[in-house]
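Which chain is which? They are A, B and C, in the order written, and residues in each are numbered from 1.
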Amino acid sequence: MSAPEPALSPLAPPGFLDALARGIGQVMLQDNRWAGLLFLAGVAFNSIPLGLAVVLGTAVSTGTALALGADRTAVRCGLFGFNGALTALALLVFLEPAALTWALIALAAATSTVLMAAMQRLLQPWNLAVLTAPFVFTAWCGLLATGRLGRLEPTLLLPTATLPDAARVEGVVGAGTVLEGLLNGVAQIFFQQGAVAGLLFCAGLALASRQALVAALAGSAIGLATGWIGGAAEPALRAGLYGFNPALTAIALWTVFLRLDLAGALYGALACVASANLFAALSAGLAPFGLPALTFPFVAATWVFLLAAPKLASLRPRA
Amino acid sequence: MSAPEPALSPLAPPGFLDALARGIGQVMLQDNRWAGLLFLAGVAFNSIPLGLAVVLGTAVSTGTALALGADRTAVRCGLFGFNGALTALALLVFLEPAALTWALIALAAATSTVLMAAMQRLLQPWNLAVLTAPFVFTAWCGLLATGRLGRLEPTLLLPTATLPDAARVEGVVGAGTVLEGLLNGVAQIFFQQGAVAGLLFCAGLALASRQALVAALAGSAIGLATGWIGGAAEPALRAGLYGFNPALTAIALWTVFLRLDLAGALYGALACVASANLFAALSAGLAPFGLPALTFPFVAATWVFLLAAPKLASLRPRA
Amino acid sequence: MSAPEPALSPLAPPGFLDALARGIGQVMLQDNRWAGLLFLAGVAFNSIPLGLAVVLGTAVSTGTALALGADRTAVRCGLFGFNGALTALALLVFLEPAALTWALIALAAATSTVLMAAMQRLLQPWNLAVLTAPFVFTAWCGLLATGRLGRLEPTLLLPTATLPDAARVEGVVGAGTVLEGLLNGVAQIFFQQGAVAGLLFCAGLALASRQALVAALAGSAIGLATGWIGGAAEPALRAGLYGFNPALTAIALWTVFLRLDLAGALYGALACVASANLFAALSAGLAPFGLPALTFPFVAATWVFLLAAPKLASLRPRA
């Protein structure tokens, strides 16, 4: 967290590798590439896959920061790397190493970068460092989601919960699931299901803004796909439970708050995926209390992605 | 959330109805009355009572905003309606439709307006929209309270909790309950019970400020009444557990922070009711952890009502 | 919370005693010494030990505020006393009165003062009073920790949790526990154990900053000692689980953010102890969800102690 050395472009390979090494060093608050390499050696000595996870997590979170236009000096010091490194480690320690786990690691590392930028703005009034909070929150969500997404399998290292148990994949997703789920994803915004209610809501949206209708359906589809890939229960997918939060997130980010250029479109899509995963996590996390997740995944994801936006030069507010 | 049309007075009936329709539209972020009407049609097609709940929730939250002096333009755009609409829906979906449920819906919708104003101020430093957060928090509290208030009955749609089970009404409230409960509501501020301790605390208050003594007893009485109506266990009412948080809330709002005119008196009373309900909710919500609620309901309710006050022109700070 | 009387030095005995009486009065928001004395009488009438706890808690929290250089006028009005009074009460009501409980009361009262200063800064943008929030959070942590620290015994008044049960002391701590635990406390920052990984991490730290290495080991030692004294399970101590959060806290406070003079050293040590206790509390509190605590105890403790620092004149930021 001290002043950086004279900066090469962090996009150029040597600069990028240097940022990675410093990112691993920043796990212990050291802006020092050699420290980072020794830390990596310590992890890799115990486990090569964990060492690879550290490199992958740091690279994806650092790369995402560059792609989204985060502050170059901060990227160069590794400040967008250490949360990705730790998130990757936590997920690979506590989840079985399947292909889906590696995909989740990449996704979570990218999301940790958005959360880093969001928390930098959040803590700005108090001039407070973000520390490893983005890692903690991202990892907790990924681990909680095992209570709802049947294809994420916890290892024996994860503490056993009273509730919820790790989910198993239930039912088979077919064309009916997708068609009903898509429309129900809009209908569930008002706690409803069924074609008529869904179509009336779509008609209302179309009347107000055709863009909003397209966003809602696209968000519902992204949520459905995210739940499906993760192994959510078929009845939940059919009922639209994975769709209503991403549908709202899509309306908010794509049609109300951010400009819908390429960066904005991809950023909004990432927010929709995060929204669906947050639904799985929160739904599992609220099980001990017997509470439904309601629209909090939409609220939380939208707040995080809106907070982060002014720190990310690739994104522009809607005029 | 776009610019409003040339504003009629939102108090005049056509303006008020227009604000309601837009409020329902804002559930999907659309400031459009026709969208709102179609959304309402979609809900009512599935269930007339749910449709009525949407109208009631929107009307009470919008009306509360007008009565408390919230920004007219925001009210006109439906920004004080959508959280009430959703809160009403959630409570009627997850609670059996008794008279008490409808009363709770009205109360929760009014409270969601205060929470909206509070969160607008809370998020001001980041220029962040409140979205549906007031609905989520209000609904969670209402649903959690079923773990302590025996007259609120959850439907089968509410997920089952490990702990707490839905409460049953226990014991019979009599004159002894009320007298002991009233004084114990003050004594519990120091974790005490009994007439001598209670009277010594009252003497201390009287010495410092007679107004504070009256506020404490009135707050304790409001809390006791709230718990009683909701069906709280008689031993808890007698022990003053429903009284100590509202007693502190009453001292804070009525005698320290706000001017005690009619609006301030009613606003403080609403805060006391919210405090008692928050105690029920938090006490149930902390059951999985084995923790007591302590004075957090007082802290949270007072923060919310103080945060909101500068946004509500009817309320004035104490000079 | 009204204007103070002409201030004697709060360090002088009569001034200090006056601040204590007012601190007890502030539990009900009264800046009045006689109210405070009557409140104390009410508690002592029911139980002499509880009365002593009130005096001890108020004295330690007020004394800590003076030692750390908090605002004299606020100290004089009792604003740094009431949270200590309540914390002491809660801990003695819900924990068996052993010597360790009294030590915890003193520690918690001191910590509540840091939390008070931290929350004053946190709420400054909204000009909001802290109220009894520091008491609530400190007491919850102390009570949750009974789920992990076997020497803290809850009384029958504490609600029973589903999970976790109150911990029992497990295993015997020996020289091996201490040696392994010390190094593993550094290794666990990267989810690792073992001498080689630990030494590679230490080498990396030494290379970046010898001060950081010393801080990390000292933090790990403080965490180990805290867990040991509290009665944490021997395998957890050996694995370094009580060390990695304090190790990071020590690096952050002692070598990155604060000047390392005597006040800074003691303040950082208190933060390390708080970090270790927070680990016990959070680890127990997350049991219903099956989640590990990760580095959140480090993040939370460091935020609190950094937020508070500018309000405490004895502490200086690193240039």
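Please note the rule applied: contacts are C-beta pairs under 8 Å (C-beta built on N, C-alpha and C of every residue); 3 or more make two chains touch, one makes a residue touch a chain.
For clarity, every value in this text was computed on a predicted model and none was experimentally measured.
A.B. asks: Starting at chain A, how many touch steps does it take at minimum to reach chain C?
C.D. replies: 1
A.B. asks: Same or different for chain B and chain C, when you check if over half of the residue numbers at their contact belong to both copies?
C.D. replies: Counting which numbers both chains contribute, under half are shared, so the two copies meet through different residues.
A.B. asks: Find the geometric centre of each of chain B and chain C from their Cα atoms only, then give the gap between the two centres in Å, rounded to an integer.
C.D. replies: That pair's centroid distance is 33 Å.
A.B. asks: Could you check chain C for residues that touch two or more other chains and list them?
C.D. replies: 125, 162-163, 288
A.B. asks: Taking the touch rule as given, give the residues of chain B at its contact with chain A in the complex, in rising order.
C.D. replies: Interface residues on chain B, with respect to chain A: 1, 25, 27-32, 34-39, 41-43, 45-46, 50, 54, 86, 89-90, 93-94, 125-126, 128-129, 131-133, 135-136, 139-140, 143-144, 147, 154, 158-163, 284-285, 288.
A.B. asks: Contact residues on chain A for chain B in the complex?
C.D. replies: 121-122, 125, 162-163, 187, 189-194, 196-201, 203-205, 207-209, 212, 216, 248, 251-252, 255-257, 286-292, 294-296, 298-299, 302-303, 306-307
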